[in-house]
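Labels for the chains are A, B, C and D, by order of writing; each one numbers its residues from 1.
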Amino acid sequence: MDQPLLALKGIVKTFGPMTAVDSVDLEIRAGRIHALLGENGAGKSTLMNCLFGLLRPDSGSIEIEGVAVEVTSPKKALELGIGMVHQHFKLVPSLTVAQNVALGREPHSGPFVKTKEAEATVERLSREYGLDVDPRSRVRSLSVGAQQRVEILRALAQDVRILVLDEPTAVLTPAETERFFEVIKGFAARGLAVILISHHLSEVRRVADEVTVLRQGRRVAHSAIEEVTNTQLAELIIGRAQPIVSEVERGTPGETRLSIDGLDVRDGRGLEIVHAVSFTVRAGEIVGVLGIAGNGQTEMVEAITGLRRPASGSVVINGIETAGEHTGLVRRAGLGHVPEDRNGRGLAGYWSVQDNISIGYLDTPEVGGRLTSRARMGALARRLMIDFDVRANSPQQQARRLSGGNAQKMVLARELSRKPDVVVCAEPTRGLDIAATAAVRSRLVEARDLGAAVLLVSSEIDEVTQIADRVLVISSGRIVAEFDDHRPTEAEVGRAMLGGHE
Amino acid sequence: MSALGDFLSLALSSMIPILVTAIGGMFAERARATNIALDGTMLISALGAIIVGAATGNPWLGLLAGVISGIAYAAILAFAAFVLRCDLLIAGIAANLLATGVTLLVVQNVLKSTGTYAPANVPLIPRVSLGFIGKIPVIGPALSDQSALFYVVVVVTILGALVLNRTRFGVHVKAVGESEEAAEAAGLKPILTRTVTLLISGAAAGIGGTYLSLSSVASFNSDLTGGLGFIAFAAVIFGRATPLGTILASVLFGIATAASIQLQGSGVIDPQLLHSLPYVATVLALAVQSIRRHRLNRFDVTDTSFLPAIIPRG
Amino acid sequence: SSSAPSGTSTSASPLSISAPLSGQLGDKSFMDSANDGLTRAAKELGVKVKVVQAGADDAPAWERNLTEASSSGNYGLIVTGGTVVASTLKKVAKQFPNQKYLIFDSPSVGKNVTGISYAQNEGAFLVGALSALITDNPATFPRATGSKKIGVAGGMDIPVIRDFIVGFEQGAKAVDPNVTVDVRFINDFASAQKGYDVATAQFKDGADVVYQVAGAAGLGVLQAAEDSGRYAIGTDSDQNGIHPDSTPASAIKSVGNTVYNGIKSFQAGTLKFGTTIPGDIANSGVGIAFNDKLVPKDIQDKVDALRKQVVDGTIKVKSAL
Amino acid sequence: MTEPQDSETATAARSFPGLVATARRVVPLGLFQSMVAIVLGIVICFVIMLFATADPLVAFQAFTLGTFRNAYSIGSMIAIASILAVTAFASTVAFRAGAFNIGTEGQLVLGGLTAAIIAEKLPGPGGLVQVIALLGAMAAGALWIAIPTVLRVRYRTNEILTTLMANYIAADLALFLVNQYFRDKGSGAVETPPLDESRWLLQILPPSAANIGVVVALVLAGVLWLWFDRTRAGKRAEVSGLQPAFAEYLGIHSVSYLRNSMLISGALAGLGGGLAILGISHAYIDGFSPQYGFLGITVALIGRLRPVGVLVSALLYASLITGATAMQAVSDVPYSLVFVLQGILILLITSQRIGGRRTA
């Protein structure tokens, strides 16, 4: 076999007492797409950050074409031909697309930026690779999908030989994903080496040539994609046999708990983004609202949960009209809310797990009363951490140090354990691994079975078709299809989602 | 008409030290390296300028010394913030204290002058009389006989706007200030960029300080700035760290200061209350500005956060 | 607290004096002037003097320094000054009845305190009169326009400064009731640049003479007169030499002399406590220093005539205090 | 370096501009680290003194230990420390709620003026008048922050700027009011008539200025500790400041906490002014506050926004001030050196590098 383009040897990276990456070897060849798999917190991003110079490994070496290199900074990485599209976008919102793409390597004459040239580069690249963006628009105003394209363009703009894509499809629509895969296959065909991180095995199977699996910072498998089955991969990833996802029974609905009527919502700029949405959710059922991100779901959820004042329409929770009321009142009416923006809204990163959980319990006798008690707060946190399988070193651990799955389980613990009558959750499994995703979904089903009315807003077709009892499809702020009598198939909803776009 | 010209002339000369200092502060603020030690920096460079100006007899060397001492002082601040890793705000407060102490110490123990250092026969930064332009109504009296530093400041301001909006460095400053991670991932060095912006703010405050000690009167004491550095800082924040905003804010301060001097002549309002005019004007203008923005965003009831370092969203 | 000191100075050991001031030196006004007096006393009278400065805006520090000196018991006499410190000294002096104090620029504030007060309004009266004469005689004073407008640039709108202004206005009106006085405040005793801006505005509005009562900021006023081609009047000490072409006179407060004399009489045992030594025109505690190059004899004589009227009581100068 | 969760927050900020709080987070220093910093600071001070004066040992000793050499200086130190603690608490309350109130100086000045006027004009038994005067001071402080508060809460007007400007306005306003209406006609200074001794706060170490204001500071520390760490409302206030978007999501009216905290902050600053007038200067004197308000900001930050930390740093700072007084009395160290030393000490004490771990 020929020499690998890139070889990572014995990379170790620790954060304090925990070892995030534990002597990992990785060999990447030109012209191939190499998938890197693993649960949340397995160390994938950490390993890649070491490769890209954002982190310095504690030990281990990096070789390019057999020559040992020191990647001390992203700048160095770029010089070496390593490009990276980050899991969490690293873009500057107020700058234009062209400025972002050229950042750090602007074409210039003297000190001045040649804006025209930078824009031309972006235009050329976006034509060449079929990544459609306007170089002059500001990143702030772009959809997530478009921001993703900007990230990729940025990596491409500098003749990279090795391209790292960290969960690039997590925020893309199915159609965008499809196009995106064409693009990266094109990269490989031109001789680039691609490292792809993803939680979606079906995607991986479609594009990757070989896979490496990390578990708890260690490499547990490496093989060509043809040599492993999806079941085997899943087992490798979670370290045990995959639980069989049994078909979720449909619920038995009771009385109406949440009813939305003629809801109009405006976004931050005053444009109406949700139009005359009406539906109800009954006790003991999960209603799924499915739609491509950016079709007004966010604003709709905010309006229902009291975070945004609707322009008109009514929201009735447990018989109480809550439209336009403060979140405090909405919650008292019986709402539990798992927010889309987990880290901004759903938890305080600089607070401990204990505080994050007990802040939702302040008005209950359990920890409440005007004076709070650390002991009781700790006891509550420990109990819920066990109940909801939140894995943290201790209740005192800072929430921002939790992996995505555990953070989400912590939010669920706070929101669901109080047995709210109405649960609204938005994108509850975004960015979570297989095991965590399964856990979150079964929690929602459990809440339903205990009699909660659950509104599940999601852009994942399989999520909605798996657990929702009724499915509504939202597009451009309107409900465009409704499936009451049966769980729709992926094909059915897929058509409806696109239909709304005509 | 000449009254208007005289008024503008006064407004301009009140504006000079504020504007130039604010333009420098704008860079630091934009890179999220908030410099509240502008006042102390002005003080240090006012002293540096007058010492060298008096020693060499050349006011331009004085200006150079003012700028260099401003840069040096900002370097101390950067050292405290990025090497000692003090909170930048606390370091700024400490730097202001330090400036008072150091200047007093130098004036008393090195220059052997009690409190106020006012050497005789120091050549001042020249004033520029504009010849025939001075005859044009309003503009003539407003512009003629301004200190040559006025033109320096105009150049610095234009340069500042150009650098921030047209150059690579400007883009880097914005990127570092708005998203440190994005900047890092693009291979920029945030700390380096911040340090440079701090040095720029020091240099600009150096010009402002020189104006105070070497343009109209060659005199220095440790209360010389009278809080002008804080006013400049206010202009930065008020102008949302954009060039145009900062210029407008400084102009507002200049006009309000001139008004508080000119209206005293009329004798209708208590001088003490008149003195508050620039500050009251700021609060009013700020209130109007945010109420208008609030109108535009009134549909958005969710935004309850704020950004201590000012990043323009427009 | 500590043992009370004996107020009597034995001639065996030299007299020790502590001077905790209510501000910093360098105001080129009474602090500096007092310091001159103290230094001269140290040199000529063989006393030991320790000057302690404090922030001009730090009243608690004045009290600490005064108490510190008083309670140490090491000082035969404690000298302090500035109107602002009077109320603080009053409190402290009561606590240390055996300690002797000398305060300048304030009346006595206790049985063990001697005050020295200055009639700054009388000094200002004289320069006010001169200013009116200048604007009335553009032929004699080539830089004057004859606008019948003169001005005062005050440091801050505080009682002492008002006292200057009242005297100045009265002096000007005594010469010519039609002269108008443009009073403005710099709101700053430190920034010469601001003083320059304010005075320039006054000159542009037609003032022929501006009288500065603004400490270090006043240097800007003097410079503005030079640059605007008009006149300015100095304050507290003789500032005529700074801009000899545009400064016709200065109003004088001879703090140094009076403090020196106070110490001298304390040494001689003749200083009376609980009383106030007035410094006015009559005993040359305040006065006017002419710039002979600019002010011809006849004008000086006219001012002097007014001075005599104040001394003999024909004219009573108003006070703001 | 990159922290995965932080970048998610940043992503959120990007898609919902302005939703993520960026409240100033102050990292707590360890005890060891603080000690190292203080020792180092003192050593550096000594080195500077070696150059600045002929008798460095005497000066150094006075500066560091001078405060504790007699009851009078200890009293002065306590008096200053209690004012600093109260103004630092004012800053603490605001900072914790996410409001950068840097107008404490102005609130303090007007609070002090109000207390002086009430104490002078109001007849009645001393103790009662003192209480009313202090309440008046608090009301004045709260009133002076009311406009920045309303603007901040309703329109999100930057309170850093409005409160900063309010300082200058307060100084002018106080000067105007005293000059025009409340001046002691027998004095040439800008001051109100001296207060009757019945109006003075009870002195605990006469003749020093130490007074029962220190009890107020201690009680406040206790109350704030309870409030921050042990009450439900305190928890809610904390999250409102730390991350308003999270607070709103939780059903907490973050804006009302912000508003109340700003008003309380203003009231505490006003109280600081009242204590300084009734306890130390016993009249409103222009310059009664050697920047207690501004110093309070520093003290609060050095104390890491924790009640006990604030108490300790107030004591430390106050002993720097009285130590300087002692130093001036016994040596010829120039007055200006005090500022230099204070500045250097602040830098060292707040440095997170010195005595801390080497790595980030």
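The definition used in the following text is that a residue touches a chain if its C-beta (ideal position, glycine included) is under 8 Å from a C-beta of that chain, and two chains touch if they have at least 3 such contacts.
What you are looking at is a predicted structure, and each value in this text was computed from that prediction instead of being measured.
Asker: Touching both subunit A and subunit C: give me those chains, sorted by label.
Answerer: B, D
Asker: What's the chain with its C-alpha centre farthest out from subunit A?
Answerer: C
Asker: Roughly how far is subunit A from subunit B, going centre to centre by Cα mean, in whole Å?
Answerer: Centres of subunit A and subunit B (C-alpha means) sit 45 Å apart.
Asker: Report the inter-centroid distance (CA atoms only) between subunit B and subunit D in whole Å.
Answerer: Their C-alpha centroids are separated by 27 Å.
Asker: Could you work out how far the Cα centre of subunit B sits from that of subunit C, in whole Å?
Answerer: 35
Asker: Which residues does subunit C have that touch at least 2 chains other than itself?
Answerer: In subunit C, 24, 157, 187 touch at least two other chains.
Asker: Give the residues of subunit A that touch two or more other chains, as numbers and ranges in rising order.
Answerer: Those would be 54, 86, 88-91, 93, 140, 268, 307.
Asker: Provide the list of subunit D residues touching at least two other chains, using ranges where the numbers run on.
Answerer: Answer for subunit D, listing residues that touch two or more other chains: 2, 6-7, 10, 14, 16-17, 19-20, 172, 175-176, 179, 243, 245, 248, 335.
Asker: By the touch definition up top, name every chain pair that qualifies.
Answerer: A-B, A-D, B-C, B-D, C-D
Asker: Using the touch rule from the top, collect the residues of subunit A that touch subunit B in their complex.
Answerer: Those in contact with subunit B are residues 52, 54, 73-78, 84, 86, 88-95, 99-100, 103-106, 108, 111-113, 140, 154, 266-270, 302, 307-309, 311.
Asker: Which positions of subunit B touch subunit C when the two form their complex?
Answerer: Per the stated touch rule, the residues are 6, 9-10, 13-14, 17, 104, 107-108, 113-116, 118, 120, 127, 211-213, 215-217, 219, 221-226, 258, 261-262, 264-265, 267, 270-272, 275.
Asker: Once bound in the complex, which stretches of subunit C touch subunit B?
Answerer: So the residues of subunit C touching subunit B come out as 24-28, 31-32, 35, 157, 182-185, 187-198, 200-202, 204-205, 216, 219-220, 223-224, 227, 242.
Asker: Applying the document's contact rule, which stretches of subunit D touch subunit B when the two form their complex?
Answerer: 2, 6-7, 10, 14, 16-24, 26, 52, 98, 100, 147-148, 151, 154-158, 160-162, 164-166, 168-169, 172-173, 175-176, 179-180, 243-245, 247-248, 254-255, 258, 294, 297-298, 301-302, 334-344, 346-348, 350-354
Asker: With touch defined as at the start, can you tell me which subunit C residues reach subunit D in the complex?
Answerer: Those residues of subunit C that touch subunit D are 1-2, 24, 52-61, 63-65, 67-69, 71-72, 82-88, 90-91, 95, 105-106, 156-160, 163, 187, 321.
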